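What follows is a pair of complexes built around chain A, which joins chain B in one and chain C in the other.
Let's turn to the complex of A and B:
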């Protein structure tokens, strides 16, 4: 068993031992769980992340409202310990909800919301994302470039893959996101919002041209993708650039990669890549490149107002200015609007110009 | 114009007494013989009602046997036997084979039968549908012999026709009457069945012992649980509050009293010297006015004055309520409920006629199983989860015409949700309950001649509502107590259920196999929870 897994197992055992100790010492057993309530979600200006504050909740077996969820949480813990010990097996949140059916009338969940909530409690207690206890997110997104990863295949066998040796890029699933980084000579990661632009960059040899790892986000990035970006970026100490559509929604996709979401405040430290930078398409780009654009709608304006007030944006002058500019020009553009200048334009002109503008190495 | 104008003489030739057979044919629905299934029930009902009345009048604890046999597909023979006082030989033919003969029509007193029509109509129905005479056994003296009559109604004269008469020694040790009628009919079960009728009768007459043998050969025993008859009722005079002008005028004309004061005191109940003086004063009449001489204006004033003066309620001894204790015993023996409440109201008056309402609610127990279990009464109009409402008038179950009845209307008009039952306005509430309402009166105001529904007098409706609401309040207290107890056990069960599971998962998590006792923790938690729970004052 890997060192990481031994550590996780130990953490889970500690939870069980704490309860047993209470019982043996004739105390009503309880657990302290970091509070995930809004009043305990705080903004950390250092990392620009939302993280949990110091408040904890006590889940006591002597409380009529706690006793059932506490029993269920321990049962989930016991189940996950099995998964971790087994090594190769993973389950999704939805799957766990259905598995609870086999735990009997008393422990089974009536709604997936209930089991999801307890999984997040366990994440908060052990301060690890649920992937570590083998409750995996849905795959989504893929990675392409000269990156060699080592992982255990579903049969439990050690395997290596180079992401260039794939047809469409390597899908980022539970095994990929935790895989050991064997080789990575790139000096940057470029994360791309749309699959269409990702394909363009692959075909235009952008990974070679910019010495980059290409990551397809396919909209809002999955936890697995965010986790992989963070790991490569931090382990290899290389910067991440995020290339999105030119609207407040695209900007926020970048922001979640950089700073995490409020909802995942308890695991943001394991998922967020604070050093990442948003490339664009910016509001200024829409003007500068005279991109084909649509009018901003009411929801877009509302979103801009929200973002302007968001602490994650407040300190960043550049982002504040871009938000303001959107309000002025009242326009948004997709990243593929750049194709009006030809297939190669993004790679030959737009991105090199942006990297220079951001003070990054092009090559 | 060419048609010849009829003279009174011509018309007189066409005018004749109609035969009872014709009368019966035209009125069979009023008499309870609208259809073959109802006919069986009506015969049982008329004979049992008569038996109960006779036993009560003779202060005998009733023992009644009902035997229903199927002779052919649509032909039945019903025998009803009682241990009543029997009937004197001379009376037998007229009681059983002459319509509209009886002792009960003329008096203001509570009894089951009122019109002297039921049993002879049953005899006539049997005779018209099968040609068989009714066979009557009657033994009026313990040591004497038994009279046996085979009787028919002469349908042209409405006089008894004696087919055969015997005097036999049947060795029976008590007095009593037995009647056997052969008739066409159709045997049904459930709601409108003879068995249901007898069951309901047994509930409100728990001093009676009734046995029933159904055509299927099934024997049902309705035991006696009370060894005392209800107090016999007495005849009474009308009460001033309820008299109508027409009746008052007739009474003024027919009275033997010489003056108004004596008239008021002699002809009405609850009027003494003081109140009669008060009435005269209010009416602007003199105490020594001659009743016959009072003019129309005076009569009207007198009526108004009679209704304004403060009087005691009419005496209740003309009424024979079941009594709350006895009704409770009756319900308890026939329905295995977890909670029973019964209340007898003080008597009240409608149109000068005293009446008294009693009610009872049986809740839960076997009734809960029924609600959950089955689609019971497919034939009845009510859906199966509605409460069962049993209506009674003078201790007689009313099985038909529920929707037109004051009892159903009054009960449906109560806001049942306040009392813990599901309810949609205008219907009977839903829930595992039986509601019993009994109206006792010297003259029950039926809404139709078939005597299946009570007329909607506001006074009666009000009394029904009040007494049923009072029962419902007690039921609600029970339901609340029960749900509270249930909730408390549920709370405790939560701990008892989940603490062992917590221990189990914790052991799994820790990878520990040793035996650890969770019981002390459960005890501790439950004790603490009870204190906390109590503090909240739920």
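Let's turn to the complex of A and C:
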């Protein structure tokens, strides 16, 4: 086992040992779990993330309603310890729910919500994302560029790949998002909302022209993709730029990459990339580039109002102005609307202009 | 240009030349287009596919309502001819819609439905899928196994990859689905509905154990994935097995791979794999393996009734029996429900038993 796995295994064992010790020393066994309730979710202005406060809950074997989840948490811990020890095995949250069938009538989960909840408790206790205990998120998104990664392949063999050695990009799944970053010959990451625009940038050699790693989000970024972006960005100390459709939903796709979500306050610090920047398509771009647009609908205006009040947006003058401008022009546009100027326009004109505007290196 | 591209370029030119000839010879220009209307969609019992009948529509410059779409079709043809000639450039249907902005007020599309419709007309005229004229589908799905593919990478360079050289599988996008199959050391394809089960099979070495190429569908298979399955299966003459959740929706995911959909009767022959077989999870499996199940809901029963009447299901006794059994047991189960017997059960027991039952080679 690698150093990281040994540490995680110990953290899982510590949970069990705490209970054992209580029993041996004649105490009613209990565990303290960071509270993930609304009243313990606080906004951290420094990272722009929602994080957990200091409140904890106590799950005690002395409380009849706690006995079952306490035992179930220990079962999950034991199962994940096996996965981590094996090294190359992973399961999904859904898989874990079904695995509990074999734990017997008294311990099996009746609903997946119950097992999901306990996995999040373990994440909060060990202060590590569930990927580290081998409970993996769905794959989704794709990466392309001069990035060399090292990992154990699904069969457990050490392997190294370069993310240019692919036809359509490398799928970002459980092994990619945790892979060791051996080499990264790029000075920025460009994350792209739609698969169509990602393909356009690949075919126009944007990765070379901008010295960039290209990441396809395919809508709202999966957890695996957010984790990979954060890791490359922080380990290699390179900035991330997010290129979305020009509407409040596109902007919020960028925001979740930058600051995470309120719902996952206990893991935002491990998933968010606070240094990332939204490129656009901005409301200003819709005007400036005379993009084909659609009228904003009632649901879009409601969303804009929500975002204007959201603490993650409150401190950012640029984002506030763009939200206001959307309300004024009452229009939204997709990133592919830039194609009206030709296939190469987005790499020859639009992105270079945006990088200059944002004070970023073009090359 | 390769032989294939030269042929397609000529087919696109033929459309334009037909119009030119009419003009030169003083005829009112027109085009004959295979009718894609309901009354021209017929069921072909041999391939189990919906295909187009012999009816054609005439689009004539003599009809004021036909002039605009006729001219737009020629513009699409000219644009795609450029893409095909460049060799490495592709666009999406959405992208094409936006590109039409540059064709001027009279020719640009008001709705994407209009350009989509004309692309399908061109597919029907040239009897080739739109991938061949470089109008690409969304990527989706992933492939893993001992399969060597050759293609021009997004930057236009010849490249060869093996689909074991990856962390989480190779994304199936526009270049993968059309790649040249250099080598395939497998005797079957296993297509899997959920990403979770795909990962389980990868980690349990199912590709080695069953001598198989593993394909992740991630729900309803994308067009790119269906095309890749068909191409591997037919070029290498190996069977395809489809492993889905145990409900009518899972079964129909398999059916669309086997026989296509009524909506795409004009291209089913280029996308469907009639020789493919549904593995399950069957209704019988739910009983036999005592899987954790959910009650079928009203919408499930309605779906079962529809499928029982569908000609694609009518001739298949096994599928009819399974549909009936679902109605009897009133339950559905997910493929991950097999995990109750442990992580290895699906490769050690379930799949070998199913391959034997279906008369397939296990190894």
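Rule of thumb we're sticking to: the second predicted complex is superposed on the first by the 363 of 363 C-alpha atoms of A that agree within 3 Å, B and C clash if a C-alpha of one lies under 4 Å from a C-alpha of the other, contacts with A are read in each partner's own complex, and residues count from 1 in each chain.
Heads up, the rule we're going with is that contacts are C-beta pairs under 8 Å (C-beta built on N, C-alpha and C of every residue); 3 or more make two chains touch, one makes a residue touch a chain.
Remember, it's a predicted structure, so these values are computed and weren't measured experimentally.
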{"item": "Touched partner set for A:171, first chain B, second chain C, both or neither", "value": "second"}
{"item": "First (chain B), second (chain C), both or neither touched by A:284", "value": "neither"}
{"item": "Touching partner for A:20 - first (chain B), second (chain C), both, neither", "value": "first"}
{"item": "Partner chain(s) touched by A:71 [first = chain B, second = chain C, both, neither]", "value": "first"}
{"item": "First (chain B), second (chain C), both or neither touched by A:144", "value": "second"}
{"item": "Touching partner for A:205 - first (chain B), second (chain C), both, neither", "value": "second"}
{"item": "Partner chain(s) touched by A:343 [first = chain B, second = chain C, both, neither]", "value": "second"}
{"item": "Contacts of A:81 with chain B and chain C, given as first, second, both or neither", "value": "first"}
{"item": "Touched chain A residues, chain B compared with chain C", "value": "C"}
{"item": "Contacting residues of chain C [partner chain A, same complex]", "value": "88-92, 94-95, 98-99, 101-102, 136, 138-139, 142, 144, 149, 151, 153-155, 159, 161, 164-176, 179, 194-196, 199-200, 202-203, 205, 208, 216, 292, 334, 336-343"}
{"item": "Chain A residues touching chain B - in the complex, by the definition given at the top", "value": "12-13, 15-17, 19-20, 23-24, 26, 28-29, 61-62, 64, 67-68, 70-71, 74-75, 77-78, 81, 106-107"}
{"item": "Of chain B, residues touching chain A in the complex", "value": "491, 494-495, 497-499, 501-503, 505-512, 516, 518, 520-521, 524-525, 528-529"}
